[in-house]
Structures are given as structure tokens and as C-alpha cells.
Amino acid sequence: MAEGTWKTAITKIEPNKVAVRGYRIDELMGRISFGEMAYLILKGELPPPAVGKLVDAMLVSSVDHGATPPSALAARTVASGGAPLTTAIAGGIMTINRHHGGAIEECMRVLLALVAFKHEKGYDAITAAREKAAEFKARGIRVSGYGHRVHSDDPRTRRLFELAAEAGVAGEYIEMGQALRQAIKETSGKDLPMNVDGGMAAVLCELGFPPELGNGFFAISRTVGLTAQVYEEITRERPMRRIDPVAHEYDGPPERSLNA
Amino acid sequence: MAEGTWKTAITKIEPNKVAVRGYRIDELMGRISFGEMAYLILKGELPPPAVGKLVDAMLVSSVDHGATPPSALAARTVASGGAPLTTAIAGGIMTINRHHGGAIEECMRVLLALVAFKHEKGYDAITAAREKAAEFKARGIRVSGYGHRVHSDDPRTRRLFELAAEAGVAGEYIEMGQALRQAIKETSGKDLPMNVDGGMAAVLCELGFPPELGNGFFAISRTVGLTAQVYEEITRERPMRRIDPVAHEYDGPPERSLNA
Amino acid sequence: MAEGTWKTAITKIEPNKVAVRGYRIDELMGRISFGEMAYLILKGELPPPAVGKLVDAMLVSSVDHGATPPSALAARTVASGGAPLTTAIAGGIMTINRHHGGAIEECMRVLLALVAFKHEKGYDAITAAREKAAEFKARGIRVSGYGHRVHSDDPRTRRLFELAAEAGVAGEYIEMGQALRQAIKETSGKDLPMNVDGGMAAVLCELGFPPELGNGFFAISRTVGLTAQVYEEITRERPMRRIDPVAHEYDGPPERSLNA
Amino acid sequence: MAEGTWKTAITKIEPNKVAVRGYRIDELMGRISFGEMAYLILKGELPPPAVGKLVDAMLVSSVDHGATPPSALAARTVASGGAPLTTAIAGGIMTINRHHGGAIEECMRVLLALVAFKHEKGYDAITAAREKAAEFKARGIRVSGYGHRVHSDDPRTRRLFELAAEAGVAGEYIEMGQALRQAIKETSGKDLPMNVDGGMAAVLCELGFPPELGNGFFAISRTVGLTAQVYEEITRERPMRRIDPVAHEYDGPPERSLNA
């Protein structure tokens, strides 16, 4: 063993026992949601129930965005060559990178920097945001997490912030996210609401996750949608078809509501 | 558009509206768990709450199995070359295939065939299982989903079946799974309890999922563990190290309980 | 070391010495072509020079097929999300599977079976091919490696067979490939020349490669084209664009000749 | 077609004609080596024959480095889960990144910068190298492409430079590579010969390739070795084994020579 024994703090395996961060999985099953499990394994501790619910909501929010995003198209294209389900899902996940989902990490870095700047200067949020927004404008920087090519006001972001408030974790990062929207509007004249990437970024900052995990959360969530996309491709389409990224139509169930 | 417009029944995208299988995501957020969302997007309908809880438990059960499975080692190895987080996660997911996780799909096919055989012959479960177990033995076939190289009796499987009973979906597939264990024991003298793959297989059959999605559920669950494994590799180890698949030690939190 | 030392017969590494199948790489450099190296590492022995030239020609033949094949589209799509060059190339390579490139392996299996059948029955090639073509027709089987959606008579196949003849390795597999074309024509009325996959299949059979390596050769060849496709995507297009699989135009150098 | 027709300058496809950078593939087959084809498709023009031979040598040089590099281990690990050949090869290729192969690109950037600096200052190579080596030392920067954990003097690099000289392309980048070795030795007391990554870097600079393609060349070359590694894993080992990265032994042909 040239390099000695290495250490891992995630999961302990013993005969008839699998324990994640100290908790036996069979004890957790049926008692915590998958979102709580994701929080536990990535952060090392179980979240309070309301935070667990927020994590579930965050994972629900990005589960799928139809057949247009490059991850869905890559996954379907890999499947159309005849690759197994998991290879095609992997093809989708590796497409999530700097330009696709990467806005979460970038926006987290901006919010972390702005909140640090606010403390350093003793400013309030809007003052810090205005100073930085002017600087971004001068340097031609477009802040990730604001605006969307399809949605002018993303209802998923609003819902995330409501749930964060209910969980008692709506703090200075969400405040700064909203201050920056206001400052960008004043500076550029454009009202760009936070998109779902920006919303996830602010919530992940509130929960103390590092920016490097931004695309991890997106990948965890989107794996479900990619599985559905690949399975539909395999069962509904012929192999080797030319997959038009735009010319597709939704023919699933009509709009319906939980309250119906 | 050489090949005309194609159809998808998964997600409808309109400005300020994203609806999965007809339900607006922002309405679902905070009201359903991630497991319920996985059920909805893969099956087309929302599950009853107890079934949703069962799906969450199934996803929790396979979230991670330490650093030894090939998916964890592949993901860590890809990361050690310097690839981004999502590329490394993808490297792990594509490792889930016939020999790794594939037991779920194979066991589903066996259970589906045995239950069909039972109906065809008008047998009860144990009679059908005995006839097939003898046939498997004669043909030298080892049934997937039974026995484990580490665990002699996997507590995760027992817990899955309890939760299936609570949800009112413990039916003829779980019964057949247990009958087959009994029949294998009589035929071969070996008592091989269902492992977690076999447990997931029986539950997925009860819920009406197709065998092709067996590794899909495993991949959805394991993506979380792979994210933790890759993140630990990146933050805790040096690049290009030689990753010994056996010589590692757990140094995380000691065993603890939800009840403590 | 739970499982003892394992063995590999490919490459020996010692300080200042790297030897592939016994030959030091630095001795091989400048003295053999890359095609000869591929033959050496995959088969264990160096080919005669004319066979090496044939392998180079085979690798040249499938280097790229424009932007339409799913491997090129998957690679470009992965790149458009911001993944690194090698991740995007990998996305293309994993798309090469049963339906894309897989015809090489399938056609190899058919040719191997037909030549075995010919020997078993003491037939000549055309008699064996006719009997099997009738059987394929009766069972509704479409033989891989014949016909093409774009090319009615692929000049690459003809050239491969010429070079195989020059190398003295045009034997019973190429003969059978051509007999089967004739038999299919008689049986179905359709004249389907062997496409480049069929051509590679026949040549790989002549060279004694196993069918399992069919897509290996295709992947080796196509990696070059995928590198060019990904590099063009990164340098010429904007991220996250919607890549139409059909609506593209060639704007490279006009047709030219080595003889010009 | 929302975004109009896009352009590609790589390959033109017409019925019975496939032309790469203007040359019909069937005309090229048997007349150029695979290395010349790689040069043509990546650079747009055919190289002079001696340069083609140099490219073949470069691709031969990095074809495999045994079972220890992370790309070989990742590819074997993916295969051991049961994935198809091409999925496992892809798993290896995506492992080639910043820390694995990435030295080529990094060393190209250093050589390009040093040669530019030399011209800017009107220095000779060794003067420029000394000034920069001192700066690197002061800033604690370790230059990529020098030294190796196994090889103290890599014979592949020496051979590459000989072939570059024969091809008449050994110019100021190879000169600078050697000057920098000398300067590092004077500055740090350590004699670190250029490794094969550094050698490829200098040659790729001489040939006018951009640094972004450094890992492209490495991936093209290594795909062959990865195919051999995966095929050996599939045919020689049992699935799901624990692949020790160190405890393996070479049992292939003993050392032999082209001249024997």
C-alpha cells in the first residue's frame, strides 16, 4: 500500500449496518425525506424539519425544464445511439457546467462577496449593492442569476424565498439578492428578477453550503428529469433520429392543480 | 425541419410557468417531497402520501455505500484528474450498469416472470417459487437480488417492506420475493436474504414501474452519495493520488440515533 | 491487498522505459504509424507494413461524418454547457453504441457466422449467402453493414477492399461480404452496397480482431473528428445555443485533390 | 428554425462523397497516415510528410502508460460495473483534465509566453528563461512539463525532438524548452528534464496548434491505450472486482526490438 490508508467521513459500512454521517440508513428510512438525506450527507448534520422541507423544495424546483436545455438534448442524443439508460443520464449530467446551471455557483460567489463587502464597509444591503452594481456596470459584468430567456418573473424563485422565510433562514443573502435586483434596476434601467438559479444560490448561501456544490444540487435535482427524458426517448422515439432542439410539442396531461 | 415536430409528455414550458405532468412546479414546491416528485415525473401521476414516503425511503436506502463501490471509485478517480464536479459525478453514474445496481432490473424481471407464472399455473407463491428455484438450480442460474458480499441480512430491505406494508402496497411481488428466498433455501441449503437491490426490485414491481427504470432509481438515489464522494475527494485529497479501493477508514461522526 | 496482485499484458513501465507489448515506445516513434501502434496494442503483435497501411486507412475512413451523427451532436451539446474539451469528447464517444457504429460489430458477427456456416456445410460463399439471405428475409432480419441513408455506394468501402487486396488479406470475409450483397439483391430486389461499417467489419474479420472491438476501432477513429467538432463549437459558436441537427452548412475549403 | 443555419468548416457530406477540409476521404485512404489526418482535420491543411511522421510519433508516444494513470483506472472501473466498451473508454477520456495530461496545455502556455517575452525584450532564449525561472522560483510556481514521478530522463521526449529536427520544425519553442530546463537547474539546483508532456507541448507550439488542443492530442493518442485497457479488463477480469492501482504486474511479451 504505497500511500497508506486514506480517510473518509461519509459512510461507514459494517456487516448489516450502513451508517451515513453516523446515522444508520435503515433508521432514517421512512423518517426523513430525500432532501433531508441530501442535506445530511453533504453537510454532515440533519437539518431542522422546516429546512429539510426547503431543501426538498429546492430539489423539486429544478427537476426538469423540458426538452430544450442542453443536458436534456445531450442525454436524449446519447440514448439515441443505443447507450444504456445510465450512460445517457451521465451524458446529461456532464453537460451541466459553467454555462448550464453554473449560474448557481457564480451567483453564490457574488452574494458571498457582496455580503462580506457590506460587513467590511459597515453598509446596509442596498448601499453595498448599489456600489457594486455600478462597478459591475462600469466593467461590463453581467451578474449571473438574474433574468431568464423564457421567464420574466420566475414563480419558483418567489416560492423558494417564501419557504426560506417559513423555515426561518431568510437572512442577509436573500436580502442581498433582492437589493442587487433593485440596484441593477436603478443602474441599468432593466428589472431582472432573480431566476431559479439565483434563488437557489441565495438559499444555498443561507444554508451555509459552499459555492462548489452549486452544480451538485442542480445535478441531484436534474438527474430525475434526465431519467424521465431518457426513458421517454427510448420508449417513444426511434434510434438515431435527428433531435430538433426547438420543434417539439408538449402532449402530456393538461394543466391541473393539487387543489382540484 | 426534416422530420417534423416531435412530442414530449413530461414538462410544459411557458413564460413564468413550468409544469411537470400538468402540475406547476411552484405549486408543488413545499407541498410534495422529492420522492413524490420522482414518482410523478416518472409515472405521470402523484402517489398517495404513504407511497410518496415509501419512494423517499427507497431513495434514502441507496444513497451511498461508502468508498468501495465502483461508482464511487470511478467518480473519485475522474475527479483526481482534475475534471469538474459534474463530470466526475457522471463518471460514477455511468459505472452503474449490469453488474452494479443491475440486480434491481434483473430481480424485477424474475419477480414479474414468477408472478405471471403463478397466475398462469394457478399456483400459490411458494409452489411457483419452488418450481422455478429448482429450474434455476438445474440451469446453474444465480438469482439477482439475494445475498450480499458484506451484509448477511440487510436491514434496509426489512425496513422497505415494513414501509410498503404501511403504505398498503405490499402485494404479490414482495410475497413472491420472500417465497423465492424460502425456495432457494430449500433447494440449495443456503439462506440468502433479499439484499437492498432485491428489496427495491420488489417495491418497484408493486408500484408498477418497468424494469428498465431499475437503474434509473438507483442512479437518482446514488447521485447524492456520488456528489458527497467527489466533493470529499476534491477538498480532502491531493490530485492524481492512487486511490486504494480497500485501504480506507471511516473517520466521520460516531454512531448516533434520531432518538438520542 | 485483499485480492492479491493482478496481471496486465499491455504496457510495462520502468524508470526511463515504457514498453508496449514488449517494444519500447521511443524505439517505435518515427518508425511505425499510429495505425500500426493501434494494431500492436490491441492484437499484441506488429502488423506487416501493408497491413499497417490498411489499419491507417481504416482509421482515416471513419474519422468524421460531419455535424449530423449523434456523437458529434452530443459532443457539441456537452461543450455548449461549458464542459472541458475532454468531457465533451467523452460525451461523443459514449454515444457510439448499438445504433451508432454498432453495425460494425453486428456485421462482424454475421460474417463470422456465415463463413463458419459455409465451412460446416462445405458450400461456396454465394450458396451459403443465398441460404442465409433467404432465412434473414423470412425472419424479417435486416443485416447491418449494408445500405446507407446518404450514400448509395460508399467509395470508402471500395477503397478499403482495394487496400486489403494490396495487403494480401482480402480473403473469405470480404468475399462473403460481397456474396451477401449479391444474395440480398436476388432475394429482396434491393441492391445495397456495403457501407463503411460493413467494410470495416469485413476487414477487421480478415485481420482476426474480435467483434467486441468493432466499436473500439470506430471510437479510436472518431475521437479525432470529435476533437475537431468540439474545438469548432467552442471557438466558433456561443454557449447554450440550440444546435439544429440539420440546418447547418459547410463553409470550409472547396473540394481539392492530393494530385492538384 | 429559430436560430438560422449554422456553419461548419470541417466535413462536407454529399451522396457518395465525404470530404474533410476539402479532401475526399476515399482519396486520402492509403495515401496519408492517421497522424496526417489528425493534423489535417485539426489544422485545416495537410502537413509535409516529415511533419506527418512527427505527428504520428507524437500520437504513438502517449498511447498508453500502463494501468496506473487515473484514466486507465477510471476506464477499467466503469467497465467493471458492466458498462459497454465505449462508455468505459469515455470514462477514461473524461479523466484526462487539468492534472492528468493538462501539463501539455500548461507547458504550451509557458513556452508561448516565454518566447513572446524573449522577442519583446530582444533577449536570447537562455536570458529570457533565466529571468522567468527566477520569477517562477520567487512566486513558488512549479513549471508543468518538467520532471516525472517515474522517469528521470524520458527517452520519448528526446526522440520527439530528434524527429522534429528531422522534419525541420525544431525552432524557438524547443530551444526555449531546453533553455528553461537549464535555467531551472541553475536556479533551483534540480535537473528536471522535459517529460513527454513537455515534449509534446514544445512540438505542438512549433506546429502552431493552440494550447486548448493540448489535451485533445493526448486524448486522441490515449483512446487507443484505453481501448486496450478496457478490453483486457472485460476479457481477463471478473466484474465488480476491487482494482488495486498499484498491485499489478506485467505478464506480456518480454522486451524485444524492431531490429531483432
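Before moving on, here are some points about what is shown:
By written order: A, B, C and D. Residues from 1 in each chain.
Note that a contact is a pair of C-beta atoms (placed from the backbone, for glycine too) under 8 Å apart; a residue touches a chain by one contact, two chains touch by 3 or more.
Please read all numbers here as calculations on a predicted model, not as lab measurements.
Using the average of C-alpha coordinates as each chain's centre, C ends up farthest from subunit A. Chain copies subunit B and subunit C are related through a rotation whose angle, from the C-alpha fit, is 180° to the nearest 5. Of the two chain pairs considered here, A-C and A-D, the higher C-beta contact count falls to A-C.
We define each chain's centre as the mean of its Cα atoms; on that basis subunit A and subunit D are separated by 36 Å.
Averaging Cα coordinates per chain places subunit A and subunit C 40 Å apart. Looking at subunit B, one finds that residues 1-2, 68, 83-84, 86-87, 90-91, 94-97, 101, 242-244, 246 touch two or more other chains.
For subunit B in complex with subunit A, the touching residues are 1-13, 15-35, 37-38, 41-42, 44, 46, 53-54, 56-57, 59-61, 63-68, 84-87, 89-91, 93-97, 101, 150-156, 158-160, 162-163, 166, 212-213, 215-216, 219-221, 223-225, 227-232, 234-237, 241-244, 247-258. Interface of subunit D with subunit A (complex): residues 1-2, 83-84, 86-87, 90, 94, 246. Residues 1, 68, 70-71, 73-74, 77-78, 80-83, 87, 90-91, 94-102, 239-240, 242-246 of subunit C are the ones that touch subunit A when the two sit in their complex.
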